[in-house]
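Below are two complexes that have chain A in common, paired first with chain B and then with chain C.
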Partner chain A sequence: MTIFLASVGFGLLTAAVLAIAAVGFTLQFAVTDVLNLAFAAVMTAGAFTAYGVNKAGVSVWVGLLVAMAVCAALSVLLNVFVYAPFQRRGSAPITIVIVSLGMALIIGFGIEAIVGGVNVSYAMSQGRTWHAAGLILTTVQFVIIGISLVVMVAAHLTLRYTKLGKSMRATAANRQLARNCGIRTGRVITITWAATGALAGLAGTIFAIDIGSFGPTSTNLFVVLILAAVFLGGPGHAYGAMLGALLIGVATEVSAAYIVPSYKYVIAFVVLLAMLAVRPTGLFGART
Partner chain B sequence: MTYLITLLVYAAVDAMACVGLSLQFGVAGVTNFGFIIFQAAGAYVAAILALPAQSANGAFQHYIGGWNLPFPLPWLGAAAAGAILALPFTFLVGRRLRGDFAAIGLLVTAVLLNLLVMNYVPLFNGDAGLAIVPAPLQSQVMTTTATGYQWGFTVGVIVLVAAVYWLARRLTESPFGRTLRAMRDNDKVADSLGKNLLQLRTGMLVVGGAIAGLSGGVLVSFISVWSPAAWTYAETVVLFAAVIIGGRGNHLGAVLGAIIVPVGFEESTRLITNANPSLPPNLLPSLQWVAIGLLIALFLWFRPQGVLPERKRVIAVPEQPATAGAIIRPRTPPAGDPAEHDAILQAIDVSRDFGGVKAVSGVSLSVARGTLTGLIGPNGAGKSTLLAVLAGTDRATSGTIRYEGQDVTGLPAYRRARLGLVRTFQLASEFKRLTVMENLLSAAPGNRGDTMRGALYGRRYWKNDEQATIGRAADILRRFGLTDLTNSYAGDLSGGQRRLVEIMRALMTDPAMLLLDEPMAGVHPELAHRIGEMLTQLSRDGLTVLMVEHELAIMDEFCDPVIVMADGAVLAQGTMAQLRDRAEVVEAYLVG
Partner chain C sequence: MLAFRRSGRWLATIGAVALAATLAACGSSSSSGGIPSGQKIVFADVAPFSGPDAALGPTYLVSCEGTTAAINKAGGVLGHQVSCTSADTRGDPADAIPAVQSLLARTHNLELVIGCTSDEAAAVVPVLNSHKTVMFCMTGQSEFDSKHFDYFYRLVPPDLAESYAMTVIAQQLGYKKIALAFGNDIGSQTFIQPAISAIKKAGMTLVANESLDLNATTFRTEAEAIVQAHPDAIMTEALGSADPTLFSEIKQLNGGQVIPIIGTSAAISPDFFTSSTAAIGASDFASNFHADNLVTATSGPAYQAFTQALLAVKGQVQGAQTGDFTTYFTAPGAVHLYDGMNLAALAMIAAGSADVAKWKPFLTSIGDGVPGAVTVSSFAEGVAALKAGKQIRYVGPGGPTSFDSFHDSPGIFQVDTYTAAGVVNVSGNITAAQLRAVSG
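Right after this comes the complex of A and B.
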């Protein structure tokens, strides 16, 4: 029972990180129509940006804000100079996926060329350890879960109640129609890249905080979790991604407590393939 | 000397893998982001077939099998392993799943299988991998390091690559290859013309998997080691880069790409590292990956067709018409009641919902044999959806569709097309990188070379069928006055010409009934008129046509009867003259 509860705690932590990444990825796909396989590489860029700031003697929490800004800018640039030109030319979706894989290589290995292949950690305090209702988490881990909850609520309020959020949903549903209704879709798309890029930076940094020691290739397997969460909820559905992240996060960590930890990704992988095979539109998606 | 041999063998192995990928991705349009796992499977299987039992070497490495089999069984086993591994992925490449989602599924599979093999030691010795894999004929020759043996191995592998290349070409330059290219250019349309996408894609996964597996088997028996580090997911990207840069769909381009990208990059990195030993060890390999990413993006932008583009297949048109009379085969109605207007197609209470929105609700209609029936209605009336449901490119939520007296409600589009019920599309749907002639040929059923086996038998086996099909296509082209465009790429035509290509292509399927979705939209009025006359002639020859059209003048002149739809339901049916007299029709459509 103790192991179970402790693993649920870790599951919530993983889910917290995963939810931010999955919501970012799924919104990016929904609004911009780019299945951006470079998303995890942008996360890594965020983690190392925060590391650079941290190494200069500044708190990692400041580094986190810098990482969000840098990743927002990086994502906007990716769109302006790479994805948008391909889309304007009418390239097939699969071409853009291949291009995004190329971008993933450029960013990921570009970072490795700069920082080298070694793993690093932030200089930071984890705070004291709390035992609450069987969960064992440090202060920092509680902060991560808190950040994630704030982001989820903010995403919900933005999508539901603001003009920007409604414009994003309209653009996602039908870009042409949205434009004809007077929505400046170009601007909405740019803002989406910035916002989801910032989410990638945030997710990358708290992922690095969470796993402690990280390197340029640390997010490679995390991608499996992101994709599983996204496809479980249905690609393009923000709330689906949140639920998917919760289920995948808890399921992987709980299973890791009972089987060999290195196999914990298997459950996410099986979920992903099953969703692709049976219901690619996700639990929340329409039947086709 | 050893260096040259190593280079040649690596080039040959990469070339083999790239030809396999070129078949899958370049010809058939199957984007297999997990390609490397098929090579890995071949390497592992070849290794455990060739190795003695794990206890033989003092059990310093763990693996299953260890059958100590003689050459060439390990290589055959490698090819078989790649082919068999393809089968579980069949579910990813069917009609339902988007190609990019399937690609992601395969990519994630590659990442995960690598992790599993790395962590599970009893299977293939985990992270450390397998070592001292015997070379072919190792026990028969004195020493495998002798120059003579090494050269023999090299020549043998190059011959093997030539054989794979020959096989790939044989498949590609056949009616079967043309079908694959049609599927690559537009899979939904290929489906509607009677192509079984699932079978075609599965076939290509298996063939490509076998080639990848064989390349892995060859590689492992040369380098004698194999571990998870040799087949990370990113290795697939290298092969994709090679095929994109060399020229997808052109197998010679794939070979060239294999020499430029994997071999060229590895070697230049090695040379630079040797010249500058002070560089950080990780720097150049990392930059090499960055360069591969850049090359992919730059080539896809500036030269998407690659260094050696897919070449155009020019087909000579026979001077003499093949047949004098009708361009479609006269069909005899099924036996039974020979009532003059028996129904060829019936919809009984057919509905199609999209998440609560009823696009088509409770439509019952019947199309009489040999008529040119019109279908009109305001935008959003559900005409195109009804057409899709009738053709099988979309599913009916409820109701029954009967064609030639047979219930076809559950049949997929390609099966209905094979029964003679063929549709065209509202949006341009030509196979862009096929010529006009190839567009027509691709739709013809019953060509002996249009199966994988037939293609492998070679040109002599299918030459006669091909000639007959070309003759028929030439007749249709002549009838439509488009002989001049025979060898133009369909993607280069004007909008009106594309509509004609689409109609001609549908006729090539030898249909009993055509479902046309706005065949005259965006077509010059004179040409539209000619299409109308052509269709009238065809219906006199026995073809039944159901045609969605907005232009009422066309309906007035050519269609009888005309069906009116509004809000997903059938409002009225009759001649245009009758319809103009009916108040509710005029209100729903003719005025508003």
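Right after this comes the complex of A and C.
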């Protein structure tokens, strides 16, 4: 029972990190029509940006803000110089996916060429370890969960109640119609790239804080978890991504407690397949 | 018509002379074994340079660049300079095969392959063997204990011997309850069954056995399972970020206390030390870590020649610029591959040919020695002795070799520790009797 509760706690932590990435990824996809497989590579760039700041003797929390800014800029540049030209030429969605896969490799190997293959850690304290009802989490891990909750609430409020959020939803639903209604969709798309890039920087840095030791290849599998969370919730649905992240996060950690741990991601994907068999469009997708 | 016949005869004569001259020219420009003069002999480092085991390739490349620089300084091999190239296997058999095929296609004068770790050996050894390329591999996989590949050589012991060595270390330190935490890669998985058997035979208790997905991002649940099992020590090999992450999470979940760690010889590398100390602190890591390692020289002429060779390329090898460079002096890959490359180079000189069929038999005779052979401890010494018409036995920093019929030359073990500054110390020895006592 103790290991079960502990694994649920760890699952919540994994879900907290995953949710930020999944919400960023799915918003990016919904508004820009780009299934950006380079998202995790941008996360890695963010993690190493924060590492560079931290290595210079500055708090990693300041590094996190710098990482968000750098990744926002990087994402906008990715769109301006890579994805948008392909989209303007009418490239098929699968072509864009392949292009994004190429960008993931270019960014990933680029980071590896700069920082080398060695794994690094932030100079920071994890704070006190708290034990409560079988859950075991450090102060920093509670902060990570708190950040994730704040991001989820902010995403909800932005999408629901702000002009920008409504414009994003309208652009996601029908770009042409949104443009005809006076929404400056080009500007909305650029802002979306910046905002979701910032989320990638945030996710990358707290991911690196969470795992303790990270390297250029650390997010290689994480992108698959992001996709799983997004498709479990229904692609393009922010709330679906949140729920998908929660299910995937808890499923991986709880299964690690009871089966061969190296199969924990297999179990997560069995859950995903079973769910999609029942609801092919995901939990928040339209019923077919 | 006659004129035509005559000119035809003249043409035939000129053609024959030209052909003969060309053949003669080819013969004279090929100094040895078909390698044209002026061209370099190539040694290739086939190992992971990316992926979780990315630290291995650069370690071997340091050895290759250092060794070949020393060989070239001593005059090269049969009038040829020797150079290094590399192929990144990414630690995955699926990536290794095309990498090796590309290497074979693009590399002229490839005489030797080094590296071929357990990650990819099962895939690439048959390919290299069918290509008649001699290889010195850093794999401990047991399948090579009994399967014969003509061109396969190794100077490291089978993995099961390392499992026994780790168990002996646990015995020596008085541990009773052991947890296993090995990566899910081929290279690490081969340690598990021999370790379980040795732990049982040593009268210790296996309290946890966690398999770590090297691509996973956290191991919190696995770490908690280990902490809850209250082991005295953890035997582990999970390279890349896996072990450092596991250590960090165990420390966090164990109230800030690190559980003693017993690693394999692969943990004796600057990258592993740097990553692990970054994760749990240098002091905690140094005071809780032991690893088995093959006995290698730490002084004497062979060691001097070896360290000078490596120091000559310090800071020049991409991917090997972090950590304490002196760690390479005890890294098994660096030491034993240095010996393998020197053996190969001396074998070519002894055979007077870069034709593999001619020089390969000299690997065993120079390594194991023949009656009356003089012992040499470096390539330069070996060349001088060969030029003096003597038979030689090469004994490098990795110690004397003793090849069996499968070209295996297992060494003997020692116990290594790190200082907080990353310097490797030998803290004990493991006797053959101790290994036999726990072997299955």
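By our rule, the second predicted complex is superposed on the first by the 277 of 288 C-alpha atoms of A that agree within 3 Å, B and C clash if a C-alpha of one lies under 4 Å from a C-alpha of the other, contacts with A are read in each partner's own complex, and residues count from 1 in each chain.
To be clear about the criterion, contacts are C-beta pairs under 8 Å (C-beta built on N, C-alpha and C of every residue); 3 or more make two chains touch, one makes a residue touch a chain.
Everything numeric in this text was worked out from a predicted model, so none of it was measured.
Enquirer: On chain A, do chain B and chain C fit together or clash when superposed?
Expert: Taken together on chain A, chain C would clash with chain B, as the superposition shows.
Enquirer: Thinking of the overlay built on chain A, is A:I136 touched by chain B (first), by chain C (second), by both, or by neither?
Expert: After superposing on A, A:I136 lies in contact with chain C but is clear of chain B.
Enquirer: On the A-aligned overlay, A:S7 touches which partner chain: chain B = first, chain C = second, or both, or neither?
Expert: second
Enquirer: Give one of first, second, both or neither to describe whether A:G116 is in contact with chain B, with chain C, with both, or with none.
Expert: After superposition on chain A, A:G116 lies in contact with both partners, chain B and chain C.
Enquirer: Touching A:D33 in the superposition: chain B (first), chain C (second), both, neither?
Expert: In the superposition, A:D33 contacts neither chain B nor chain C.
Enquirer: Looking at the overlay, what does A:V260 touch: chain B (first), chain C (second), both, or neither?
Expert: Touch status of A:V260: both partners.
Enquirer: Touch check for A:G215: first (chain B), second (chain C), both, or neither?
Expert: second
Enquirer: Answer with first, second, both or neither: which of chain B and chain C does A:P93 touch in the superposed model?
Expert: After superposing on A, A:P93 lies in contact with chain B but is clear of chain C.
Enquirer: Residues on chain A in contact with chain B in one complex and with chain C in the other?
Expert: 109, 112, 116-117, 220-221, 260, 262, 265
Enquirer: Spell out the residues on chain B that touch chain A in their complex, using ranges where they run on.
Expert: Residues 31, 33, 91-92, 96-105, 107-109, 111-112, 115-116, 119, 233-234, 237, 240-241, 244, 280, 282-283, 286-290, 292-297, 300-301, 304, 354-355 of chain B touch chain A in their complex.
Enquirer: In their complex, what parts of chain A are in touch with chain B?
Expert: Within the complex, chain A touches chain B at residues 35, 37, 82, 85-86, 91, 93-95, 97-99, 101-106, 108-110, 112-113, 116-117, 220-221, 223-224, 227, 235, 260, 262-263, 265-266, 269, 272-273, 276-277, 280, 286, 288.
Enquirer: Could you please specify the touching residues of chain C with respect to chain A in the complex?
Expert: Touching chain A from chain C are residues 49-52, 54-55, 58, 184, 210-213, 215-222, 224-225, 228, 240-241, 244-245, 248-249, 252-253, 255-256, 271, 274-275, 278-279, 319, 321-323.
Enquirer: Under the definition above, what is the set of chain A residues touching chain C in their complex?
Expert: Residue list for chain A touching chain C: 2-3, 6-7, 10, 13-14, 109, 112, 116-121, 126, 129, 136, 138, 207, 210-215, 217-222, 253-254, 256-257, 260-262, 264-265.
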